[in-house]
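The first chain written gets the first letter, and so on, giving A, B and C; residue counts start at 1 in each chain.
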Amino acid sequence: MDSAKTSPAPVKKKGRWLKKLRENYPFLVMIFPAVLVVFLFNYLPIYGLLIAFQDFMPGDPILGEYTRWVGFDNFTRFFNDVQFWPLMSNTFLLCIFGFIIGFPLPIIVALLLNATKSRRTAKILQTIFNGPHFISLVVMVGMLTLFFGRYGLVNNIIAAIGGERVSYFLQSSAFRPMYILSSNWQDFGWSAIIYVAALSNVDPGQHEAAILDGATRWQRVLHVDLPAIMPMVSVMLIMSIGGLMGVGYEKALLMQTDGNLGVSELIATYVYKQGLTGVPDQAYATAIGLFNSIINVVLLIIANTTSKRFSENSLW
Amino acid sequence: MAEVQLKNIKKVYPFVSGEKKVKKKKADEPEKKKVNLQITNEGVVAVQAFNLDIKDKEFIVLVGPSGCGKSTTLRMVAGLEEISGGELYIDGKLMNDVAPKDRDIAMVFQNYALYPHMSVYDNMAFSLKLSKVPKDEIDKKVREAAEILDITQYLERKPKALSGGQRQRVAIGRAIVRAPKVMLMDEPLSNLDAKLRNEMRAEIIKLRKRIDTTFIYVTHDQTEAMTLGDRIVIMRDGYIQQIGTPQEVFNHPANLFVAGFIGMPVMNFFDANLVREGKQYFVEVDGFKVELSPEKEERLLANDVQSQPVTLGVRPEHTDVTEQGIASKVEVAEMMGSSVHLHLDANGKDVIVIVPTIDMKESYKQGDTVHFSFKGKVAHVFSKETDKNLEF
Amino acid sequence: MLKRKQAEGGPIKLTTGDRAFYMVNTILLALLALIVLYPLYFIIIASFSDPDAVLGGRVILYPVDVTFEGYAKILQRTDVWRGYLNTIIYTILTVILALAVTIPGGWALSRQTIPGKKFLMVYFIIPMFFGGGLIPFYNVMSSLGLINTIWAVILPSILSVWNLFMTRTFFESSIPQGLVEAAKIDGAGEFRIFTMLVLPLSKAIIAVMALYYAIGQWNSYFNAMIFLQNENLYPLQLVLKEILIASESTMGGSGETILEQYRLANQIKYVSVIVSSAPVMMLYPFVQKYFAQGVMIGSLKG
């Protein structure tokens, strides 16, 4: 493309380009399936977002003769929905609490693992910690019901020490702790992997120099290990801030009961219910979903710009 | 078995969009590499004005410091790098837009580039298989090449199970089974240790006698260049500095750079005056005056060179310790066996003199005062302005 | 490795402070390991203890009144085994198609000379941060005629852009350019380079990708839930969802009936958790290094 610039005559330029295409067309053949899949399942839905601005009924063409454009009506309707503020705060609070616990935990675990005396123990521990990551959401939530149900293990223990049995799944106050703790139980080890990898790349010489300087192991954690993973930490921070309003609704959906719906109804689960269950209102649901993704993109951009300004690290 | 002609070959790496801006922004930072490469509107110029006619069966060595464009030139001949300008002919056919596989060349890479999942045999047979040579013929050729390179016993092994030297032989074997018109070698010995490098260098000289084809060989090591090349092309910053036989570039370096690059230890340089008296030329250093040899005088005369301040270059092996001459103090005397390398301090200037052990009269101690001088036929005079050898 | 060990104490006598540090470190890690392992252990012992003992809180550290009734019951659940079979089919098809899309795609994207490289990068990056969302996605699937077919579960899962970039990073960092150039000079074209050189050298990334896609499909329920109406097509997770979760919210009435419901359903829940997770969990220790490798490849770029 650019190298064509170097040839003086424009005729030659075209020839070069063609030649390049001829030499490199196999790559286009190889990438084509991926392009097609992404087009079908990622770009066509983006095109489908247009219905958020329409008075759309399922089965209508997206751009048809009778398409009625309603501008931002669906959005204003959502802002005036009685559910608007509860949904916003439910989504936000679940994410922010999840972030407060879920962000530092893997870092701490990685530092702990890195400071074990035996490499083999660390390996075995890592294998154990990574395990729950591969449990499916359905099984995870199933386990929660088994442990926290009215006659589950937790209640059995409470009853044994003389407490009152509680149906945690019917209690709205228990939803967020259960959600967040179980997510962390599943993923803290997995999220620690990249930090562990970054820590294992620290030059042992740095540690030895610090030992000679008289640093204790704790001081080495603070002054050698932690600085080594800081770049990784900021990248992960940007990513998680970008995902702050994009909580996994598949799990929330599984955990919802009539009793906890007041806190467990998130923007995304509301979209699902409005758009695909009962009498579907797809245009409205799409508008809500779009609103949510725009918040996410804006958050990501803000996080990235801030990080860029204050440090070397950014996603782009 | 082919002539190769490079006519005004040029390589420009175009800017990736935005790179220029970044460059400007960080202008005050020290640049990491390719410092001296010319940066134009089109991009970074890696090679330019490269003209060279390589004769059939000639062994050409491209030599120069890293980033001088020697590898880029070789890769343009191979077809791995697009030629930005100029023309490349192999056997009289224009090759600019011909794919590497159709150029009838073979190449030996610096890091061997052996296919790790194939046995030595398959590595060597790969190109023949691709060009659909019959099986028994492939077998014959591979075994022949293995015989030449003495790797027959390793044919079934994977490259991983070989030593560096053996891998290098396989890489060479892979190239020679094709009996290419032109054999390209990109720093093939630079990953080997010193001893193995010397052995392999001798191997390559022998190999060349057996396979008898045109070679283009890239190295940064001037010893390799001097020992292997029929002709040497010395490059710097994308430009050819000098083309010539090893004797020519050693005895008549075209400029200061070539003079400094060829020869070990490095040539001694002095600030001196060139004095013309009629048809005679003298150089004056520190009040010491030497008349140049008649051939040199002739050439200077032909160029009508006038008296002027010059950079004088004399090789350490051409500098003698004498009764008279430039006074200096011994800093270090390195015993090398057949000779002693004297590191001298002549009025704050570092000078190296090689004294053969055989007629050495005394041992040298630090702080000793010695005088050194040189003969008129080994003095090279370079223009202060252009760094060019005034004889050219 | 050896150096490393020295940095962690080695034979040198530790100071009191350091000894305390290592002690706290060990205790914390042991605690974490317990927190991870105990729930899993409990599920296992509960699955073959007497349901009454489990409900009565008598099963804590070891199985009580061992019975394999639950396992016997699950053998009769045709829906579970049909789900199992469906999931296996979906997983195999997903992995095959996903590899066919991801591996060549990653290789092509890792090449500097691919035409339109910049455009392609942007094309694949955008979906990582922005998408159409659930409803437009559903409508696309519907207009493609995929609803209520197995392809609704398989096709959307055959490419994760994240995996594509991971593959690309792998190729960029582990296939030396020199090899490709040598093959070119030896006369191989781009397709041949891919099949004869690149594929044999990328067993690691193929394994990682196969595992990622397999686990993803094995564990997913959502697409199946919204796209499949025919129960005969249900994957395991969807069947499990009904066994494990559906009951809780619908439960009401007096304590007695709840207890009875629990008694009946409880053991089958523990058993089904084990039966469904067994393949993944049994494979896990052997393949976990590949998973970890994958995360590392992905983070090279980060």
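One rule holds in what follows: a contact is a pair of C-beta atoms (placed from the backbone, for glycine too) under 8 Å apart; a residue touches a chain by one contact, two chains touch by 3 or more.
Everything numeric in this text was worked out from a predicted model, so none of it was measured.
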item: Chain whose average C-alpha position is farthest from chain C's own; value: B
item: Leader among chain pairs (count of C-beta contacts); value: A-C
item: Chain A-chain B separation of Cα centroids, rounded to whole Å; value: 56
item: Separation of mean Cα positions, chain C and chain A [Å, integer]; value: 16
item: Residues of chain A touching at least two other chains; value: 23
item: Set of chain C residues in contact with two or more other chains; value: none
item: Residue numbers of chain B (touch at least two other chains); value: 99
item: In the complex with chain B, residue positions of chain C that touch it; value: 176, 178-179, 181-188, 192, 197, 200-201
item: Touch list for chain B against partner chain C, complex; value: 78-80, 99-101, 105-107, 109-111, 113-117, 126-127, 130-131, 174
item: Residue ranges of chain C in contact with chain A within the complex; value: 1, 3-9, 15, 17-18, 21-22, 25-26, 28-29, 32-33, 35-37, 39-40, 42-43, 46, 55-57, 100-102, 104-105, 107-109, 111, 113-115, 120, 123-124, 126-127, 129-140, 144, 155-156, 158-159, 161, 164, 189-191, 194, 215, 218-222, 226, 237-238, 240-241, 243-245, 248-249, 258-259, 262, 266, 269-270, 272-273, 276-277, 280-281, 284-285, 288, 291-292, 295-296, 298-299, 302
item: Residues on chain A engaged by chain C in the complex (per definition of touch); value: 1, 20-21, 23-31, 33-35, 37-38, 40-49, 51, 58, 109, 112-113, 115-117, 119, 125-132, 134-139, 141-143, 145-147, 149-151, 153, 156-157, 159-160, 169-170, 185, 188-190, 193-194, 197-198, 204-205, 207-208, 211, 216-218, 232, 235, 242, 250, 253-254, 256-259, 268, 271-272, 275-276, 282, 285-286, 289-290, 292-293, 296-297, 300
